[in-house]
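Please read through the structure below; I'll follow up with questions.
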């Protein structure tokens, strides 16, 4: 039995609130249960040095966690003077995931910067971040189209992510903090709206896992991401 | 005429939402118009090295701004690897202001850390932060009392802050971004609920200012802080 | 056809040289074709602060690349003053992979630090590093047993790793630099000697990948890691 | 009674020595009693990036304290690898104060950098720094005129600063270290030669202060700055 | 008697292996007994900013020590975020030594970067590094000639280095770690193939040393460097 | 002919002013012509971690240059966030030189920190710093004796330093900036009052130098340091 009483294949309540802040071209508050991440997409009419004059754009992501987003306060990375390995790993993952569904050549010489800041953490912040960032980027690109700067959105598909894991022997979907702290295998899966895999990152926390377990986890993730994509589409219609 | 159509002595709509996030002992979202700051107060049962064994507690503050809280994206301080002079100045001010109304000896050997993170900026983030942090710290200290760790709250008074400035020749209260960018003199005032001054920081942005102008600004600030203290009290009752 | 003329399921020539340097308790030069990584395991009779007095040991890993291990010189991280996100990601992966096969409680209050330094890079440095580090850690732990500090080695299994990817439409094993720069999907797989999965990290570089492709890649990896484990055992006998 | 036997409205002996070092375009040793600060003004024929091509100049300030300027040695900021919040606050204040009396457009595309380094500290280092820097900047600008690079000095007025505070219940002028460590309210005031206010920074160290006390302190500061301006003028004539 | 049984004027066995790694234009493994340093010379068709457009090239050096090159593991400089004073001192010495025998104007607007990375340390790493770097730079410059980018090598002479010291009262050549840890005076000498002095760095570790002792040490160094130059020439022929 | 009209073996006018600042246990302004360095010696009743409980003291040195001590302004190291290789090299040299004449065991478990800050630079700042620091350390140690904390000063001798070089073919003593910028060989020599060598650091700036030239330089240095030791003694008597 899951601590949250959810069924093994049940997502937490997911909410996607667009326009959460006013300055960013795309601004989404995404909630996976008690996990809340503010995802903004900012457009700049410039590209980093290594791409200048190459006729294409760039998309990158940064990730942060407010010091008291967590159960006990963690040190502020700006005060420590560096980002942890975990932070860098997550922001690289978010960037790669979104680049998989944006045609950078069609974007032209401009840069989209995604900022994912965790206001409250209860497990699954990186998967919520990817799911929310997809909607924020969509909004930012649609604004470029609305402003006449692009003829069509360079976004080629949706992208969403979810965590899965083996909790007390059972494969379960969308781990919250209590499950995450106490599970054997933990996997983050990123997929497109069309059902293609973008990232699969599975880690044995204690015992190694088998191909059979891997497949059960991927089945759960696939179904969960399907529902997340529907929620993204609903949010964009709403 | 003010860009926002407000009267010279009129505050922006102020909202103080307690319990905005769930993990912190005190968690307040404070809004001064479009400026929104999340203020959390975290209690730790330890003190910094320089106070160990001295029989008193400590209160400190950190301040941050989400990269896209502003009109154009500003670089993430954690990524740059250091906090700007402005950030340090503000977090020192918040810490001093709150220490003025907390009896650190009565607090005992524990530390309160205030985190003020700006979700959206439209001028006056530091004064909103102080005003919100006061309520967050009250909640955190009341929790220590409720948990039986302290017999009475070590908070001795309220503290609130507001900005004032001379905009197009007229002294006005609670500057928003449009006014702030275009005013001659800018002053931040911090006062206790009892009406005592804690901090006065006035800066001539262009022309120098006179004692008469200084007095007019202080009159405005005094009245404004009086209203903010009422709003703090109402929020704590609510 | 692979640039190296290898068959899709063919590893590069692998060499594992023990005792490559003299000071470290375990010191292994591992070569996957032209990729050469020096892996040392150092034993210290202390544990990091967060584990002190907990009756268990720790194992951690650091990774570096000599500036001219690569085709063009890359900046020295010590001179830049920070490790890249890629470096941190890799050293976290190496640490997790080795911890999966070491019983930290049986290790006692001591720390094993693995250093993987790439002398020459031609793709697959992280998988070579894990494969070599396993042998270096074995040697270091056997030395503790030989020195009478431990009754038995706390190592519970072998661990090895290999990369797989889809190169020009075909799933192939053990990518070299030419393939790595030009493949659609790239996956690193870490497995125990007993065939359990420790880490699966698959990334779509261009197009998304399907469950069928994922399975083909895992089949290749499983076979490749089996052969690597045999080579590790041979090296330890040799 | 003040520890130094001074009357409440009495400055410490002030000395302003021009040409203290030889390389800088302006170089002034300023002494407020035992507080000694070396202020240099350096002219560079360039502006920072954000001003390039805008047809105006820039003036900025840096502040430092020699490690043993103080009663006990404090760590060298260059060795710690960062400037403290206090240092940054002070150097921002010095820069703003001097920019208030320099016409940056008349300066043309060049930069004045002020360096204020405290050789010996006994309270009031930032106010001494501003007072000395004014003379150093005057000298540097006069040199630009003498060299034919400017037709007239872009300096529009004098600027000087002094601290005031409430020491054992009495408002006093120009606090030394003994008073500063033991006073209730501490205020730094910066004014032009014409008597306009540039900065007012008052802080309650213990109890809050009243409008009446604030006014008494400003009266003291106004008189003190008047005398400092005379001393600056005398030094420039001398 | 020396711990290694060597005669006072006897070098350790020296080996110079060219082409040790494949990507660098010059790549040499130099061994002075158990001290092993990998020296690479990288050519870049650019110069640092301060030399742009000046019609000359540049040569610079970086030095590092693998964490477990030493008896006990030392912290990784990239992880600590800065290079030690010792590291910087050594890399500045290597750079100066090599610049003494390269005609930077004849090199043209390109930069040679030498990387000296110590794989195993047993005393004398900096002198081995200079000796090996000379061969690596020769190879890199010869490659520029072979590729038709230069008409003749801009190298004007050989350069080699050795340490000497007073060990238990006797001047000895080429100190190993055991001697280095226990000697009174330690000196590093760098000379050209023609016998000119480039650097002399002598340090009293305990008692001061006399002019007579200095001369005895220089005699030893001169003879030793003569033999090292022959070994460099042999390696280049080989 | 030297730019300063000095004879080859002539020092610049040297002045040693004790008690230049008031807080440090030893405080000396040393002037070698236009080079002016403030040297303070601070006593702390503690030792660094690696010496705790070993029954001996420590002496260390730090060096800095005010940004406008030089002809053109150089960046402040505290603002850049790190000390240059040159700074570290110099402060290591100063520390080693002074440790050579202080009996650290007789000092007991306390630390002397020397701070050498260059107020004005005209060549030879490191040799002036060593010469001045010797007097500051003497004063600080004598104060420990006067305060009854030590029975006798742990200083075993004087130490002084001077630069020598080959300027336009002639060996000269005590190079100023003009000579230093334009000389072929540059050497810093540190000696005890008894005439023993502590450090010899000679560098060929252009052409290599011979043993004969080295000897001529050492002769000059020996005579110069003899005179500096007399000046140190006179200052201590004065």
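We call the chains A, B, C, D, E and F, going by the order they appear; numbering starts again at 1 in every chain.
Here is the rule we go by: a contact is a pair of C-beta atoms (placed from the backbone, for glycine too) under 8 Å apart; a residue touches a chain by one contact, two chains touch by 3 or more.
What you are looking at is a predicted structure, and each value in this text was computed from that prediction instead of being measured.
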Neighbouring chains shared between chain A and chain B, ordered by label:
none
By Cα centroid distance, the chain farthest from chain C is D
Same or different contact residues where chain C meets its copy chain A, judged by the half mark
same
Where chain C and chain E are represented by their mean Cα positions, the distance between them in whole Å
33
Indicate the whole-number Å distance between the mean C-alpha point of chain B and the mean C-alpha point of chain F.
50
Inter-chain centre distance, chain E versus chain F - centres from mean C-alpha coordinates, in Å
28
Among the residues of chain F, pick out those that touch two or more other chains and give their numbers.
81-82
Could you spell out the chains in ring order, with the walk beginning at chain A and its first step landing on chain B?
A, B, D, F, E, C
Residues of chain C defined as touching chain E within the complex:
21-24, 27, 34, 36, 38, 40, 42, 44, 62, 64, 66-73, 76-79, 81-83, 87, 113, 115, 117, 119-121
What part of chain A is in contact with chain C in the complex they form?
82, 85-86, 88-89, 91-92, 96, 100, 187, 191-192, 194, 196-204, 207-211, 214, 218, 222
